[in-house]
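I've put the structures underneath this note.
Here chain A shows up in two complexes: once beside chain B, once beside chain C.
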Partner chain A sequence: MPSPTLWSRILGRLLTSLVVAWASVTAAFLALHVLPGRIEDILAGDVDTPGLREAIAAEWGLDRSLPEQYWAFVSRIVGGDLGTSYVLRQPVREIVGSQLWPTVQLALTAGVLAVVLAVVVALLTAGRGRLSRTVASALELVLASTPVFWTGILLLMLFSFTLRWFPVSGGNGWQALVLPSIALALPTAGLLAQVLREAIEKTLDQPFVTTVRARGVAELTIRARHVLRHALLPTVTLGGWLIGGLLGGAVITEKVFGRPGLGSVTLGAVLTHDVPVVLAVVLLAAFVHVAASTLLDILYLLIDPRLRAA
Partner chain B sequence: MRADVQDDAGGRPLLVDVQGLSIGFAPAGAPIVQGIDLAIQAGECVALVGESGSGKSLTARSLLNLAGDGARVEARRFRIRGQDARAFREVDWRWLRGTVTGLVMQDALVSLDPLRTIGQEVGEVLSEHRILRGRRAIDARVIEVLGRVGIPDPEIRARQYAHQLSGGLRQRALIASAIAGEPDLIIADEPTTSLDVTVQAQVLEVLAQRVRAGAGLLLISHDLAVVGGIADRVIVLRDGRVVDSGTTADVLTRPRHPYTRGLIDAIPSFASRGRRLGPASARSPDRIAPLRHPPPARDDTVVLEVRGIAKRYARPAGFGRRALATTALDDVSFDVRAGEVVGIVGESGSGKSTCARIVLGLLSPDSGTVRLLGEPWSRIRETERRRLRPRLQYIPQDALSSFDPRYRVSEIIAENLAGLRPAARAARTAELLEQVGLRDDLAGRYPRSLSGGQRQRVSIARALAAEPALIVCDEPVSALDIGIQAQVLDLLCDLRARLGTALLFISHDLGVIQHLADRVLVFHHGRLVEHGPVGEVLTTPADPYTRTLLASQPRLEYGLPRHAH
Partner chain C sequence: MNASTHPSGEATAALAPADLVGLDAARIGVAPGRRTYPPGIAAAALFLAVLLAVAAAPTLFTGYDPLTGNVLEGLKAPNWEHLFGTDRLGRDVFARTVHGARYSLLIGLGGMAISVVAGVFLGILAGLRHRLLDEGIARVFDVLSSFPGVLLAMLVVTFLGQGMVNIAIAVGIAGIPKFGRVVRAQTQLVRDADYVTQAAVYGLGRGQVFVRHVLPNVLVAISVIATVYVGSTILTVSGLSFLGLGPQPPTPEWGVMLAESRDVLRVAWWPAIFPGAAITLTVIAFSTLGGYLQKRFEGRLA
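Then we have the complex of A and B:
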């Protein structure tokens, strides 16, 4: 049962996250105003229809004072209103909303796959025979250093063109998810496995492992029940980087496999100077990072009871 | 496997029957442990005694087949409860661990999984070996076992983590985790090292109870005095070989081997005052030639004057918790005179270290004053203190961590030789090294490459380099082997006699204080409960706490088994 101190620490962490999220909204607002040129022009992008600039000025309240504009901006975002894309003539919320799920689906599947791969490989090879360790370590290094698009193209050539097991492109059904997830998961899995194995080997040297062995616990149980939890601590630190990498990688992977998703939306928006959409994607990325690091910090508290006390 | 238990002549079952045990690592390398015979009966405590590196832990671990990766264990006879262990497969060993043999290690803070509750740790052996089924049955047994080792409120403690328990409770929990599977043999590897004497006595009593209840106990220790109170038989190991063995009374009163004699002579106590603990020459450790220490030079100059110092630590109120204040030190006054050794005893948390830090000027007292050589020392700015700093030096427990790892020995000592020309500095360094009994070719070495005793000597040389009037020694020999401890204590006695340096000597080991100190201060819960000449305070104590301390002290004179058969 979590103790009152644990709850107060979690609550404190959530409050800090809110402050960071607020700071990123403010930064976005400032960036918009610091950019050279009139804000109406920036927001309109490449579109130039008569009366559009005036409509934008009215919608964003550009005639009002800066504090008033700032207040309106923040309250709109808190209310979930991300504005309108004048290029696509659609609310930004609808555009992002419709494309968010395919990307999240891809990043989540790849993330779970990467973690499972890394844990299994690290548990089986840590502190064991020198050969299996060397082979696994070399393979992980190669995977971690291979770009996602290259792995993606190789997978496509083998499994889609030659063997025809999976579709070449598209976003329908689980078959279309298999190859992109693997391509995205492999580099992450490689790095995670390296970090995890080193942490496991360090933990295996701890005196308590001898105590557990002296209770007659089987070696694999020791690793899964005792050692893995200790080894997770340094790995969780990598978590923020991992989530960023997965989201960034997802954008590239979507391009290679022709999948719909935030990647294509963002790329399109940048090319057509669709600033409202870009702004929304930037804010979304910031919020995801804040949420992820909050989650990881809370995860620390759950993994290590010693951190709850202080 | 339960059947077929072999009896010895006396009719009691032999739990362990090992002859000609040798353990080595590299395929061609010399064995680390060689020719060891070991027999343990039920209801008997056998002690393995030796200094670090003697192979005592390795020998004990081999009974669990946990000697380490790549260890080659060979023996003429290797029977555990009548079974030939040389034919055991890994499954057999795993079954054996926890049900036939239980292991208790040193320092439960790292020997219990810090991320799991005490209850989970103690219950693991029960579920793993399917001794009990169902969470309720296991929980009930866990609480029963925790109660059996003397842990109060076992229901609450079972839900806590190791770091939330005091050192003594933690160590009891570790014992509970070893005996939960009702093993016939308990292997305790330095189970009381790093514990306070009173807690040590309690933990040893818990183990003695298991022996009275019929378990066999293999007790590993570097300390003959600890072993004396509980062991039936003692085996003395040195460099992987047995040098002495027999009943405890025999080994302690009539040691056959000079090495055992040396170990016994090295134990500091009242009886050892004024004589050397270690052999006269470090190069022939087998020969003992006790020397009388010359009488210390003393005069009545007050070096350190401490008046009514107090220190409280406050934890501010936080989100959902109340403010908490602890009194670390409460109204403590004492003096240290020139050439005098003042001992401070007390258990962890008694305020010993807080007092040392205030004396060293590292911590400011909330009230009270400290004067050094008649001048104000507490509550002044560090720049004002700097002039007097050289006259007050410090010898820590862990010398290595007090050295800059990138400094050579000569540079470490030279830190306290400011204002000397390079040639004079080199000459003085060589002189200091000779004074502390180190060869001067060590001057170019890095501290990591030195042994524990050498490191502590370097730390003493560094303190002496400043020609101090007072040295604060914080448990300077607690981490050392008994033989090395003897040499360092002899060195301190010599230096103090020759140089007239006063020592404020903190130790949790009463024997060290009895051997070395002129006067003693007894700390308890931040208060100075008793002080006076060592001969008075530690023989006829007035305070009940001092009496408890004395009663807990392991002593060789009473080195007969407590449990009669």
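Then we have the complex of A and C:
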């Protein structure tokens, strides 16, 4: 049964994340107003049709006072209305909605793959003598330092052009998901394994591990059952960062593999200065990031009793 | 890369910036005084020295022009005349890779300089006094780090337009919380230290205390984090260039070269291998050196 301190901590964490989400919306609003140039021009992007500026001014209520505009902006976003793309002549919500799934699919697959890879590598190599440690940490450093688009290009070269195992580009079927997910997962897996291995090695020195070992439990069982659970906790705080990184990396990965998704939409929008679309994607990513790290932090509080006190 | 928005994120960031490439949060116990350099560190330092020389005077290393080539000599595999082969337009890939060092270093370091200056300013402002200001700046850091770096940079480019300076500004803005949080925590720590109180007792003004005692302490932390962080800045920059948001063709920037190589991948591997290896090696070198510095100064960072 969660204690009152736990509840107040969870509530506090939720409140902080709400403040951050609200602040990011406010930052978006301020950015539009602080930037040089008329807001109508900023929002219109590269389009210039007669009457468009007036239509934008009407839609955004630009003749009203600043607090009123701000209130309208916040309530629109809370209501899920992300505005209109004047370049694509479509509501932003429809554009983002139609391209969301391929990106989510890619990011999720890569995320799971990265975590599995990191856990396996860290479990097998932590505290196993100098050689395996050196090899593993060198591998992790290389993975974490390789740009995701270069990994993608190398994979394409090897598996699509030379071996012809996987399609070169496109977004259909699981075959088209394999290489992009691997490319996106590898750098994240490298970083995660680095952190996890350190945590496992620290845990292996703990007295409780010696106790378990003294009971005659097999080494791999000790690692998988006892040490990993303990060592995973500090890694959980990296989760929010991980998701942000995967979303950003997905944009680049999609470009390498010619996959449809938020990446190509965002890139197109950046090049045509389609501010409403880019703004929506960035805000969406920030919300996902904040929500994920909040959830993980709360999970962390629930799992680790030491954090509940004080 | 962003720090996670942990409730106590600012404080933890100072002690263990756990999300940096080449990180070593757990090895805090390493003795700070040793003077031998592991072979990896020496290799990294040597590589970076060569890279600096290449960036400063690329013409010393190659006689070929990175911008012009003979189309008839296009897509030749590596040979003695063209060590890294030639690209689609017959330009020497070695010459382009060598000339590219300058762009990656300039944009990466420039972007980081923006993060450092803004981060130090905001961090010290937040750390010195005044709770309300502190709270406000801490939230600004939270907001900035809640946007994934690449996407935040893309937003900045949407507003400012494509180009080298603009992507430097873009990654610079994304990196502000990284430095700001550490400086804030560090400032708070030093602010309450006994020797600062003592300096104040001896009659030093707040400005003097700040310049003599707070700033030097913060600078050590900053330079260590900066070394670790340059690597990931260069990664982001090359990614943005690859997307076509930075320097434009025919500039021999590594990300741009990789984007061009994507179109000829079916027939030629060499235009894709060398610029990518250059980025990766540069990032590895910076991370290795940064990780080493971090370990050595760990005691002083906390």
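By definition in this document, the second predicted complex is superposed on the first by the 300 of 310 C-alpha atoms of A that agree within 3 Å, B and C clash if a C-alpha of one lies under 4 Å from a C-alpha of the other, contacts with A are read in each partner's own complex, and residues count from 1 in each chain.
The rule we apply is simple: a contact is a pair of C-beta atoms (placed from the backbone, for glycine too) under 8 Å apart; a residue touches a chain by one contact, two chains touch by 3 or more.
For clarity, every value in this text was computed on a predicted model and none was experimentally measured.
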When chain B and chain C are modelled together on chain A, clash or fit | fit
Decide which partner touches more residues of chain A, taking chain B and chain C as the two options.
-> C
Touched partner set for A:R213, first chain B, second chain C, both or neither | first
Chain B versus chain C as contact partner of A:V195, first or second or both or neither | second
Scan A:V178 for contacts with chain B and chain C and give back first, second, both or neither.
-> neither
Mind checking the angle chain B, chain A, chain C on Cα centres after superposing, to the nearest 10 degrees?
-> 80
Looking at the overlay, what does A:L299 touch: chain B (first), chain C (second), both, or neither?
-> neither
First, second, both or neither for A:L62, with chain B first and chain C second | neither
Check whether A:A72 is in contact with chain B, with chain C, with both or with neither, and answer first, second, both or neither.
-> neither
Once the shared chain is lined up, is A:G12 touching chain B (first), chain C (second), both, or neither of them?
-> both
What's the minimum Cα gap, in whole angstrom, linking chain B and chain C in the superposed view?
-> 10
Where on chain A do the contacts with chain B and the contacts with chain C coincide?
-> 12
Quick one: which bits of chain C touch chain A in the complex? Just the residue numbers, please.
-> 1-7, 12, 18-19, 21-27, 139-140, 142-143, 146-152, 154-155, 157-159, 161-162, 231, 235, 238-239, 242-245, 255, 258, 261-262, 265-266, 269, 272, 276, 279-280, 283-284, 287-288
Chain B residues within the chain A interface of the complex = 61, 64, 66, 94-99, 101-103, 105-107, 110-116, 124-125, 128-129, 161, 163-164, 174, 177-178, 181, 187, 318-321
Would you pull the chain A residues touching chain B in the complex into a rising list?
-> 4-5, 7-9, 11-12, 206-208, 210-218, 221, 226, 229-230, 303-306, 309
Counting only contacts in the complex, chain A reaches chain C at residues 12-13, 16-17, 19-21, 23-24, 27, 31, 35, 42, 141-142, 144-150, 153-154, 156-157, 161, 191, 194-195, 198-199, 201-202, 234, 237-241, 244-245, 247-249, 251-252, 255-256, 266-267, 269-271, 273-275, 278-279, 281-282, 285-286, 289-290, 293-294, 296-297
